[in-house]
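Next come the structures, one after another.
You will see two complexes here that share chain A, one where it goes with chain B and one where it goes with chain C.
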Partner chain A sequence: MKKIIFFTFILLAAQVVSAQRYMTKTGKVSFYSDAPLEKIEAVNHQVNCAIDTHSGFFVVKILMRSFVFEKALMQEHFNEEYVESDKYPNAFFKGKITNLKEIDFSRPGTYPAVIEGEMALHGKTNKMIAKGTFTVSKEGVRVQGKFPLKIADYGISVPGAVTGKIAEVMQIRTDLFLKPLK
Partner chain B sequence: MKKIATFIFLVLFALPLMAQDSLMSLFDTGPKTVYAEATFKATRVVLGQSVVNPAKGNLIFVIQHHFGYVNQGIYEFFGLDQATIRLGFEYGITDWLMVGIGRSSYGKIYDGNVKIKILRQSSGKKNMPVSVNYFGSIGISTLRIEDKTIDYYFTNRLTYLNQILIARKFSPGISLQLSPSLVHRNLVETPQDDNNVWALGAGGRFKLSKHTSINAEYFYVLSSQTAAQYHNTFSIGFDVETGGHVFQLYMSNSEGIIGQNFIPGTTGDWLKGDFLIGFNITRTFVLKKPKTFEK
Partner chain C sequence: MKALKIGLIIVVLGLLSAAYVWFFVYNKPHRDFEKARPDVVESARQCYRNFKKSAKAPESGKVVELSGVPKTIEHSDSLVTVVFAFQQGMFGDEGVRCTLLPKYNREAGRLSLHDTVRIKGFCSGYNGTDVILEEGSLVHN
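The block that comes next holds the complex of A and B.
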């Protein structure tokens, strides 16, 4: 009995001690809409991301209003009419690195990573698997990835008037540089 | 014993979930300031200015068109035979400073104007219940002076409009605005006319869908002499926004298009059916891209 409790404490303590966290608040996420009539790109330079290297947890929080468009009107329409930033100010991703064992955060190098989790955007949550690379260096971890996002999955519809101007699938690119958290 | 084991098991099981949320909580840095955007779709409520400025580096081309009074009947094709027009440009030097120029066929007036954002409605860290702008305009009439017997100075041609625009976006669908206004005319037709005409404007936007809205606007003339001779301006319209264009189709009892004309000089009486059909078309051009997109 006592042994079990002792063992548990050791386990809990170990989890706390070895937990190494990395974080950024200035990550970059961009999306690209490649429709026949118009190409639209938006960039967000204020993306929050954190990794727990012990558990493999990977979380992202994106303030939707921080996306910058080439045309200010598009930015207004994006916030007002499509993602409804008043109602849903943030997008969240909560996931786990599934191939954690293959990534050595103590040794510099580039590692392929697979992250499985849930994406919450515009009031809808969907399961998602994203593939990317982790580049470990002395300064931190650079997370780069590219994945498609079908906007209909998140309850975002394109009105008839702009058919051909907005793609049904957005290409999302992430480039996040996370620094160790002390 | 078993209970304890179960408990431990649960703790271990719940820990990852907590960890995920605790990771997320790293991002919490208190409330952020969220500014109200797009209080109105266009830089005008209907005829009068709204608190919306063009974004930095954006140029808006405005076509404003008034037909004649509808109650003239079929002979004038319900006013469509007559037209007055204003063409204008508005440019956002910064997000808070707009400069504009225009030319109205009504009175052959050239106008130059400036709109400055003073306060921005926001919530969160900074709380500001309303947006406040200043709008100022100078009009220069270029009508020929037929009566050569009087001394006529250039300054006689000038008219001024000063407005404070106070607006609040109450919800994504409802925005209201108050526009205290002062029109100054250097020269008026008779000694009894007011050189300074004070008026209070009130307007609103009610969204019908994500891309359409009903807009209405009323200017109540406070200066008694002018109020006795002219009518208050009432305009009601329908806004449609498609990408870079905004179409505003409306009915109004004012022939004049700029504030110096419609605030102190509206002759139409809605109750007698003196109203006309008008429209604004705006097209936005991006002259200067945001920094992120500069190559």
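The block that comes next holds the complex of A and C.
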């Protein structure tokens, strides 16, 4: 009997431990800007994201060249002239969920989340606070958020000829569905 | 009369130039990687090794044809990803992840996890855990 209780405990403990980490490698991040010269929109479906529900650690890694634009020319300019994807292939966000106690990862529901951390893009790193929602379900956690990103803060310059015609602030949207890491 | 003709020719040439720029520069189509000739042909393992040595591996930004035995085939929304895994890391399996063009989704469902497959696509780089191949097509002999 003692053995059965012991093994049941071990199995339950293993389940709790495995559910402490959630991750995805197919998260979606898109950005959008509407300016007089050009409406710019791109989406990336290859985003890595991991959450440790015990510590509140939250990390997102984005391969810049995986952003897809409607126009091929725009995609070329983005990679070659703006974010310089060859030189800076990835963008990172590393942070902590500051209101971790308010999110019950064991109970399905939608919870507001605040994440404080650092965003690294184009060789520059800045502190950032992102707000969004965590939707907990049996299958995993959906992380959705929307925040502005000022491109000048990351050393991304707009050529003089089009200054003022391209938005200086991009609206970033995240939609990441994370599954428990087995 | 002559000036009118010259003016007309200039206008026509201007319109043709504008049309060319509009269709073939500003709105040029995305590259068709399915029809493109691969710049690199190698095993998925070799490609992964090259990126582990340097994130600026020669495959980065190129059309690459890879072969290997897939470990898993993932379905996420409308995307199908063939995964060649070579080690375990913080994010689980690490290796080469090949996202297929939607037209290959059905065929991907019939792939065996025991046989070698060849996939051609655009290598967008290495994200620290995996090499990413996009717009992949299944290559048959």
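Keep this in mind: the second predicted complex is superposed on the first by the 161 of 182 C-alpha atoms of A that agree within 3 Å, B and C clash if a C-alpha of one lies under 4 Å from a C-alpha of the other, contacts with A are read in each partner's own complex, and residues count from 1 in each chain.
Keep this in mind: a residue touches a chain if its C-beta (ideal position, glycine included) is under 8 Å from a C-beta of that chain, and two chains touch if they have at least 3 such contacts.
Source: prediction; values computed, not measured.
Peer 1: Between chain B and chain C, positioned on chain A by superposition, is the outcome a clash or a fit?
Peer 2: clash
Peer 1: Give one of first, second, both or neither to describe whether A:55 is in contact with chain B, with chain C, with both, or with none.
Peer 2: In the superposed model, A:55 contacts chain B only, not chain C.
Peer 1: May I ask you to decide whether A:26 touches chain B, chain C, both, or neither, giving the answer as first, second, both or neither?
Peer 2: Second partner only.
Peer 1: Which chain, chain B or chain C, is in touch with more residues of chain A?
Peer 2: Of the two chains, more chain A residues are contacted by B.
Peer 1: Under the stated touch criterion, which partner chain does A:65 make contact with: chain B (first), chain C (second), both, or neither?
Peer 2: A:65 sits against chain B and chain C alike.
Peer 1: Touching A:46, do we find chain B (first), chain C (second), both, or neither?
Peer 2: second
Peer 1: Could you tell me if A:86 is touching chain B, chain C, both of them or neither one (first, second, both, neither)?
Peer 2: So A:86 meets both chain B and chain C here.
Peer 1: Pick from 5-13, 41-49, 77-85 or 113-121: which stretch of chain B gets in the way of chain C?
Peer 2: Clashing stretch: 113-121.
Peer 1: Overlap of the chain B and chain C footprints on chain A, residue-wise?
Peer 2: Shared contact residues on chain A: 23, 25, 45, 48, 50, 61, 63, 65, 71-73, 86, 89, 181.
Peer 1: Mind listing the chain C positions that touch chain A in their complex?
Peer 2: Result: residues 25-31, 55-56, 60-61, 74, 76-77, 79, 81, 90-92, 97, 99, 124-130, 132, 134 of chain C touch chain A.
Peer 1: Which of the residues in chain B come into contact with chain A in the complex?
Peer 2: Per the touch definition, chain B meets chain A at residues 1, 4-5, 8, 11-12, 15-16, 19-20, 23-24, 26-27, 32, 34, 37-38, 54-58, 172, 210-211, 242-244, 284, 286, 289-290, 292-293.
Peer 1: Given the complex with chain B, which residues does chain A contribute to the contact?
Peer 2: Interface residues on chain A, with respect to chain B: 1, 4-5, 8, 11-12, 15, 19, 21, 23, 25, 41, 43, 45, 48, 50-52, 55, 57, 59, 61, 63, 65, 68-73, 76-77, 79-81, 84, 86, 89, 92, 94, 159, 161-162, 165, 181.
Peer 1: Flag every residue of chain A that touches chain C in the complex, lowest number first.
Peer 2: Those in contact with chain C are residues 23, 25-26, 45-46, 48, 50, 61-63, 65-66, 71-73, 75, 85-86, 89-90, 177, 181-182.
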